[in-house]
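This structure is in structure tokens; I'll ask about it shortly.
Naming follows writing order (A, B and C), and every chain is counted from residue 1.
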Amino acid sequence: MDTLLAFAAALLQAGVMLAVAPLLKTAIKKMKARLQNRKGPPILQGYYDLLKLLRKEPLRSETASWIYVAGPRVYFAAAVAATTLVPVLYAAAPLEAAGGILLLVGTLALGRFALATAALDTGSPFGGMGASRDMTIAALAEPALMLGLFASALAAGSLSLGVMVRGLLHQGLSFHPSDLLAFAGLFIIVITETGRIPVDNPATHLELTMIHEAMVLEYAGPDLALVEWASALKELLYLTLLVDLFLPAGMATSIAPVALLVGLLAWAGKIFVLAIFVTVAESTNAKLRLFRVPELVSVSLGLAFLALAIRFL
Amino acid sequence: MTVNVLILCAAGMLVSALLMVGQKALFTAIRLYGAQSLLLAVVAATIAISEGRHELLVTAALTASLKGILIPWFLMRTVDRIGIHREIEPFLNVPASLLICLGLTVIGYRVSTGFQEGSRGVSHHLIGVALSILLIGLFLMVTRRKAITQILALLTVENAVFLVAVGVTTGMPLIVELGISFDVIVAVLILGILVHRIVDRFESMDVSRLSNLKG
Amino acid sequence: MNVLVWTLVAPLVTAAIGGLPGPRRLKEATMVSGLAVTFLLCIATARQFLEGSPPSAFADALRVDGLSALVLVLCGLVGLLSGAYGVGYLRRNEARGLVTPRLRREFYGLIPAYVFAMLLVSVSNNLGVLWIAVELTTLASVFLITFHDRDTSLEAGWKFLVLGSLGLAFALLGTVLMFAAGRSDLGEGMSALHWTRFMEVAPELHPFTLRLGVVFALIGYGTKAGLAPMHTWKPDAYREAPSPAVVLMAAGMLNGALYCVLRIHLISKAALGPEFSSGLLLTLGLLSVVIATPFILIQWNLKRLLAYSSIEHVGIMAVGVGLGAEAGVFGALLHMTYHSLAKPVALFSAGTLGQLHRSSDFDRIRGGTFSRAPIASTLFVLSAVIMTGSPPFGLFFSEMTILKAGFFGSHVTATSVFLGALVVLFCGFAYQVAHLVLGSSREFTEDSPDPERFDVGMAAAVVAAVIAVVSAFYLPAPLIALIRAATEVVWGGA
């Protein structure tokens, strides 16, 4: 009975996140446009784009194998699966019994692996180049991500996100310098993983500057829709992770509808604020040259490591 | 509440110092220093309000206006006027510098546990952060080549000293604080003038070229 | 207003007048007379102290005890000599067209301002005021170092200001930490930072914080004094600044910085026991003496040679205090006195030689200066003899006192190293001076040196030399009393 309830909650949560994800993406685009004195796309543009792509016919290369087809699907599935491990409105993740931080990072890595392999499968030079660049950055970003998450995990005494959130809620509002250090480090990782300036430009298709875009260059139609949706979902997921670990106040601790509503509003508000941070970070920085990206990620690694060290001094 | 604000601001100062280490753009480094000084002013103001020491508010206002706004503006104007290469070229690359600064931060925190306040109060964090920033500032001074970055490193060290002063002693007598601030401003102005002259003469801000006098 | 305040106002007014435009003779006369008045006021302040009513001002923020009085008088004298020599120096430069009216105004304004800051240092009882005063001397001297506006001047000025500011940041941190160590006992307001207050509550100061503070403060003020390993700015600054300013740095500010070091040392002694800071001072002093030695041997410039000699001497003074015996302290203070009397001679004669040859580098000056500039060369040789501690001159006695204190105390190894370094230094210095002065005059292919003339600058140098020689045999009784009083302060800590 419990398992059934958990799965139902997981589906519900995944559905909510999937629904909100395109909104977040367009909101950030619109804010960036406003900063550049343009109007930007209409707020529902993300949904329109997805619908348009879903209605199109998928174009697949004749030399590609089943890996090419499976790539976007595994990527999408991994992203959705990851959302079920993270507490969003309620102070527990639906499938938290399945695993904590390590499972989360592993699932996302699985998705990335599938996409990169599929990119190699097409045989196009752009695919190979994008895959190798993305993997290089991931090799540095993932340890930084894990260290940042470990800093909070060690403070809470558990690797499960639900336990961490509940612990933080119980503690009330009290900060430690390592919190800010971990936040700064993880924020840099969020920028890295979601492929935003200064790491990668999501709007470019120039050979010299593409990283994520190069991997998905070959996709069209429903395949591309899945990839785009999953990317937006990942972005929402990372921001939710930041909210959970550093400012979980306002999350529902009971299933009462009022509490859930409050939780929803609190979550939406905090995500919006973080989206503003992301926009400002994107708009005030120039894109880094590719071989400078490891330096940025090493800064993040350093901050995360320091967060760990300071907690015990 | 006060404790949270203090800890957040102090941690922010530490983050800004670490970001300065990984920074290649000169303007961003100057802005980071400005942000650091503003956070310092907030710390001073918070302590002033919570402990009722109102002279500290004057110092906080001075810090915010002089070190947070005026000095960064002056430095940016100097860099603009000089109009040369805007990148910082350190002697050590970024990952190695960061690693060393990590070690320095750990050292700073360790030393701060010996202080009077006991290891678990707010003062521990404030002093830990301050000593870490001091060591990072010293490191920056040794490994950076451009004259402006040496000035920034010096100013970072001054910020650290001020944070110790505010965190441990709730401030020194007002006249002394005023005198010290005045001295720092004049020193920065003179340094700016010297930078101008150096660039005029040597066509570069690279102080490693100032090595004719040896022995 | 009491005499102490007048002593500080006099150089300040002189500086202000000096900064205004005006006819040259009038400006020269004003500066020299202003500095003379300052010196007389310093003597008057010291006299008032000796008579038993130590002057103080601004609610004890400024206070004159034995140590202050001694440093005050020495700085006043050095200021006067520097001003007198400066007149001649500037005249010579003007004859060569190197000095614009604006530079002249800067000079006449900055030299008395520097004197003011030095005097403020020596009478500060408040640690905060002390720091501000030392920073003022730094700021006043920067423009003096970059006075000649050469490439090397900029380099020296930059190094000086950056290293000096760093040192002062350390000193500020040290002051703050020391203040924090006694937070609850020191009280409120300005008097909480008074040195006398620190001495009163010394046993209650928190040991760890105080230790850290003392280390930082000693490193910081030691940078200003020129103790190794924080001495690297000194050779450059001495070479680039005009000689009158260098005299102020070498004999005036050195005393001032040592004064700060001693005040910190006394607090540390009272709170933590003598071994901690004495050990630090001994180490820094020995390091200075040992490091100065090779650089004197391989030196290529006259004024840098004197800078390393300065580093050696401040090292000797630090060792004297660090040995932890009363005789050592007395020797150190005696050394400070004789050094302040002898250094001006060296710098005046070296400065004259440098001016005549248009450069103080050895490859310009070397070889037979005696035939070209007999008076300056004689004075220089005389000063070298005095400065390396030869009998019967005063520095010999002070060094002997310190050595005796060392050998009869517990630091025999340290003292042996010290003695060894002194001997090597003596030989090195003698070698350099001989090479410079003796021998047949070489041919100058371009830019032959100016002929020597007996002008105001030379007269000042001769007067300084007379004072230095006479002081070897006779010190006025009040001066001896001042040295005794200063020893009492540093040894007894009252």
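To be clear about the criterion, contacts are C-beta pairs under 8 Å (C-beta built on N, C-alpha and C of every residue); 3 or more make two chains touch, one makes a residue touch a chain.
Keep in mind that this is a model prediction, so the values were computed, not measured.
Shared contact partners of subunit A and subunit B are absent; no chain touches both. With centres computed from Cα atoms alone, the innermost chain of the structure is B. The greatest number of inter-chain C-beta pairs in contact is found between B-C. Separating the CA-averaged centres of subunit A and subunit B is a span of 34 Å. With each centre defined as the average position of its C-alpha atoms, the distance from subunit B to subunit C rounds to 31 Å. As a whole-number value, the distance joining the C-alpha centres of subunit A and subunit C reads 65 Å. Shared contact sites, meaning residues of subunit A that touch two or more other chains, are absent.
Across the complex, subunit C meets subunit B through its residues 126, 128-129, 131-132, 135-136, 138-139, 142-143, 146, 149, 151-152, 154-159, 161-162, 165-166, 169, 172-173, 176-177, 179-181, 183, 189-190, 192-193, 206, 208-209, 212, 235-236, 239, 295, 298-300, 304. Residues of subunit B touching subunit A in their complex: 3-4, 7-8, 10-12, 14-15, 18-19, 21-22, 24, 93-95, 98-99, 101-102, 105-106, 109-110, 113, 125, 128-129.
Contacts from subunit B toward subunit C in the complex involve residues 111, 114-116, 134, 138, 141, 147, 150-151, 154, 157-158, 160-161, 164-165, 168-169, 172-173, 175-176, 179-180, 183, 186-187, 190-191, 194, 197-198, 201-202, 207, 210-213, 215.
Residue ranges of subunit A in contact with subunit B, taken from their complex: 173-181, 184, 292, 294-296, 298-299, 302-303, 305-306, 309-310, 313.
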